[in-house]
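Letters are used for the chains, namely A, B and C, taken in the order the chains are written, and counting of residues starts over at 1 for each.
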Amino acid sequence: MKNQLKQVFHSPRFVIGFVIFVFMLGMAVLYPLLVPGDPLEMVASSSYPPGTYISLADTLESKQYGLDLDITATRLNKLISQEDKDAMVLWLTKYRGIAEEDIPVEDSVEMVHFWNEHYDPEVEQKGLTNAKRQYYRRLASRMATILETKDIIIATKNPETGALEESNTISFNTYTNVKDIASRRNFVLGTDNFGRDVLKELTHAVGTSLKMGLLAGVIATLIGLTLGLLSGYLGGLVDDIIMFVTNLFTVIPSFVLIILISFSVSQSARGVMLVGVIIGLTSWTWTTRSVRSQVISLRNRDHVNLSKLSGHSLPRIIVQDILPYIASYVVMALILQISSAILAEAQLSMLGLGPSTTKVATLGLMMNWAMTAQAPLAGRWWAFLPIILSIALITFSLNLMNTGLDQVFNPQLRD
Amino acid sequence: MGKIMLDVKDLKTKYVTRFHESVYAVDGVSLQIEEGKSLGIAGESGCGKSTLALSLMGYYFAPLHYMSGSITVDGMNISDMTPDQVRKNVLGNEIAYIPQAAMNALNPTQKIIRFIEDVLHAHDTKLNKKEIYDLARERFEILGLPASVLDRHAVELSGGMKQRTVIAISTILSPKVLIADEPSSALDVTSQKMVIKMMRELMEKGFIRSMIFITHELPLLYNVTDDIMVMYAGQIVEKGSAKEMVFDSLHPYTNGLMGSIIVPESGTRDVKLTAIPGTPPNLKRPPAGCRFAERCRYATAECKGMAIEMKDAGAGRTYRCRMSEAELREVYARE
Amino acid sequence: MTLLKGYKKYYLQKIGWYLITLVVAVFLNFMLPRLMPGNPVDAIAQGSISPGMDATAVKKVLDDYSARFGLDQPLYVQFFTFVKNALRGDFGISFSNYPREISDIIASSMGWTICLQLPAILVGWILGNLLGAVAAYMKGVFDKAILPAFLFIGNIPAFGMATVLLLIFAIYLKVAPVGGGYGYELIPNMSWEFFQSLFVHYQLPFWSIVLITIGGQAIGMRSMSIYELNADYVKYSRFLGIKDRKIVGYVFRNAMLPQVTGLALSLGTMIGGNIVAETIFNYPGIGSTMLSAISNRDYPLISASTLMITIMVLIANLAVEIIYGLIDPRIKAAQQDS
């Protein structure tokens, strides 16, 4: 046993899978400990991209530092969009006859100077709608002042007179240290449509999905193991009946059965664990087949026959003489069951038949929420890509571990 | 003396493992076979006899590599040919091979006749489909196989039929040398005898002109081959006529091989089940001295220290031992 | 006809077995919802009558449903009514699409699903087998980089792959439409413009299925090919002077055969996943139909959809097994033995 374990950890596939899996599991276990709090708390008012959010009010009041940096270029790159640039290039080439390669598009500062120099609203602008003309005029006035770095004055309202009083002046070389700002929050993966911290929700969902997968896997494995043992060891009519049923459920897609059952269970009862149970109840066929074929090959081995001759009871023979030999296959089947259960839950949730709850998140539910909120169409990748990646990493790691084990326990597959 | 069909001189080949270690599986083997003669090669598993069989064909692919030595088939030196020349001009039509596991030697999903067509096309045959079929049917019938076998798949044939089919296919190009690697080890005694009979018949009819028969059962060769060669750790340890080798072996290893099995002709010698203790040496680092010394009952410190050359005992008989013929006989007589 | 003679028993057995499976599947489809506590009509009514719905339509459908299945009758009578109606292709009226016939909705969406999945799974299967064979034979970059990459891609759920492709090609690069089976401004007709639109809308759903199918098939083909490359017949053929290219042909043919059975076994899971992925693209197939049926709690439509998916999977499985019987002589040999 110890030797086999050692071999398992020498299989590169198993090790890679194991490392990924431990990473995902660790994230699900450790993150909530490091960052406590309700994972489904709606902290934001909408879906925001990843980043560190700092309070604007706090910024004004925090300690000021003077830094002498030339920030015009970087600021301009943020302030002038690609669309602005394209519009400028279009106007300049069309109404000023300037060749495109002469326009300094790459350098924003140069570009602004160039534009201010060449733009003239009085030029005849054939084929330009009035709205477009206005747009260019606005653009020009924005460009005219964009290079200026005047101080910004902060004013507060005098509660008695209602007059604005200057309270603070911010110049362009005034900086503040992010560490000084008391109110800030880092959303590594942004927030979702409900304003929840995606990373926090995700680690929680990974945990729930793994638990659910384990439950489904254990149920499926127990059913499969029992049926496989009975069918393989007893043989005869029992074997025929069990194999008939198993073959039936191999061909009838379990996906359909899960949908039918989930739909029929009343919504209030459909919690995460019930979904796990439903998935487990419909996905035992693989385990049954694999256990059965192993048991058949073991049934007539010498040690089993010896045990039979010694008058050992059936449970004792099974526990002592058969289970140890099929343990590796059962573990492999369990691993596969967990991964397919996680996937099944996700698909079920995508159809709106997942756990009917807003108290807990699963990977499928998070995905469903993101899709209902049209996150892909809005380009809010942070609301769904991390979920897809998590599902893929979990199933990938479990499958790798499974093939690694397979190579160790079925040496003819080694290459 | 007949025409020499196969002449091998000091052939050396090695396996290269995937950890880039060399295993010197055939280490300086020389042999000759005359037309119409058969040679048996015997030895324990792992002694290099199967590797020798593969090496004799001059067609090497990983992990087997050619090192040195020459192979001449009916006057044609094949050791400096390119692999494709060997494939086209030697394999199948000069030297043919019957593998160890005839049961699995045929592609299960291909009709026998299609495979025979592929074999002939690989050697640029001028025969058309019909002629190939007729040739195959003729050969199959000689070996007692119905022509209907040609239109079947290997999976539809019984074990004995597959065995005969493999023999028929291997000899369809009338090779000059047929190398059979334990073609009978998986079969029961009656089938074994039949296979041997079939191969002798093929030689009598001139479909094959010489034969090498490899087995781990030395006495089996007594019935089949003219000469016997015993291999140990990649080298020949003794060679002689079949009768001499079985009933009057010189080398302690040959002697031990005979002792490790029950000789069918009882009474001709005392039946002693004395399996040779120990295992053959690791051929990654072959011992410097006599390779059998570790397991030899008569070994002295001298044996382990010096390389032993083949000694001639006259009349085509050679052996590789420190002791002289007389000394060996004396040692055996004492027991 | 003589060719088929040896297979007759095999095929009859297979077809018989699938018919039994079909009966069980229909039974489960009928029974599972009824095993749950409560009268199905009540359950449906409870869930369906929401403020946004046409209450009279819902009531009409419920009446139609009660009458159709004779819900006051014993269960076995209801079952036979169910089977009888199903055989006639009569599934009643949908209340989320009132007054459209369910059979009508299903027929059109099944068409979309089959036209999407059949070619996509086949292409994915073929590409996967090619990759697996090349990885086994040539090793190198195929075995060390491309195959593992596809193996990882293969673990992305179908809907995930769909979402990723949608984000890249439709949202960021804007080279593909964001969804639907054809341009929303078009009416299905035989014009060139319509077919072009069909083709454009087909790309993302098609490739998302192909991409995730490749990895799983490739790894199976790779290990089968390695197993076959070490088979005794390969060595024997080589020593008879047969060219390597020809031998590789033998090997891949043989390695391919278990892949056919493998496809049959994983078909149900694959189709299920791809059906869910349809919803990402709003593809007008059975997946999108089911999604809207579920969100509208349109029970008769869900029941008919699941039944049709099951039948589709059963037919696909049977087809694979029949093809397998034809291409693998071992099946014929096994028939002759018995």
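Basically, a residue touches a chain if its C-beta (ideal position, glycine included) is under 8 Å from a C-beta of that chain, and two chains touch if they have at least 3 such contacts.
All values derive from a computational prediction rather than experimental measurement.
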Both-way neighbours, i.e. chains that touch chain C and touch chain B
none
Quick one: which chain's Cα centre is the longest way from chain A's?
B
So which chain ends up closest to the centre of the protein, judged by Cα positions averaged per chain?
C
Per the contact rule at the top, check every chain pair and give me the one with the most C-beta pairs in contact.
A-C
Per the C-alpha means, the centres of chain B and chain C lie apart by a whole-Å value of 55
Where the centres are mean C-alpha positions, what is the separation of chain A from chain C, in Å?
26
Roughly how many whole angstrom separate the Cα centroids of chain A and chain B?
63
In the complex, chain C residues that touch chain A:
17-18, 20-21, 24-25, 28-29, 32-33, 35-38, 43, 47, 151-152, 155-160, 163-164, 166-167, 171-172, 178, 219, 223, 226-227, 265, 268-269, 271-273, 275-276, 279-280, 287, 290-291, 294-295, 299, 302-303, 306, 309-310, 313-314, 317
Per the touch rule, the chain A residues reaching chain C in their complex are 247-248, 250-257, 259-261, 263-267, 340, 343, 346-347, 350-353, 367, 371, 376-377, 379, 381, 384-385, 387-388, 391-392, 395-396, 399, 403, 412-413, 415
Going by the contact rule set out above, which residues of chain B touch chain C in the complex?
54, 57, 59, 61, 87-88, 90-93, 96-97, 99-101, 104-111, 115, 118-119, 122-123, 153, 155-156, 166, 169-170
Once bound in the complex, which stretches of chain C touch chain B?
231-233, 235-243, 246, 250, 253-254, 257, 328-330, 332-333, 336
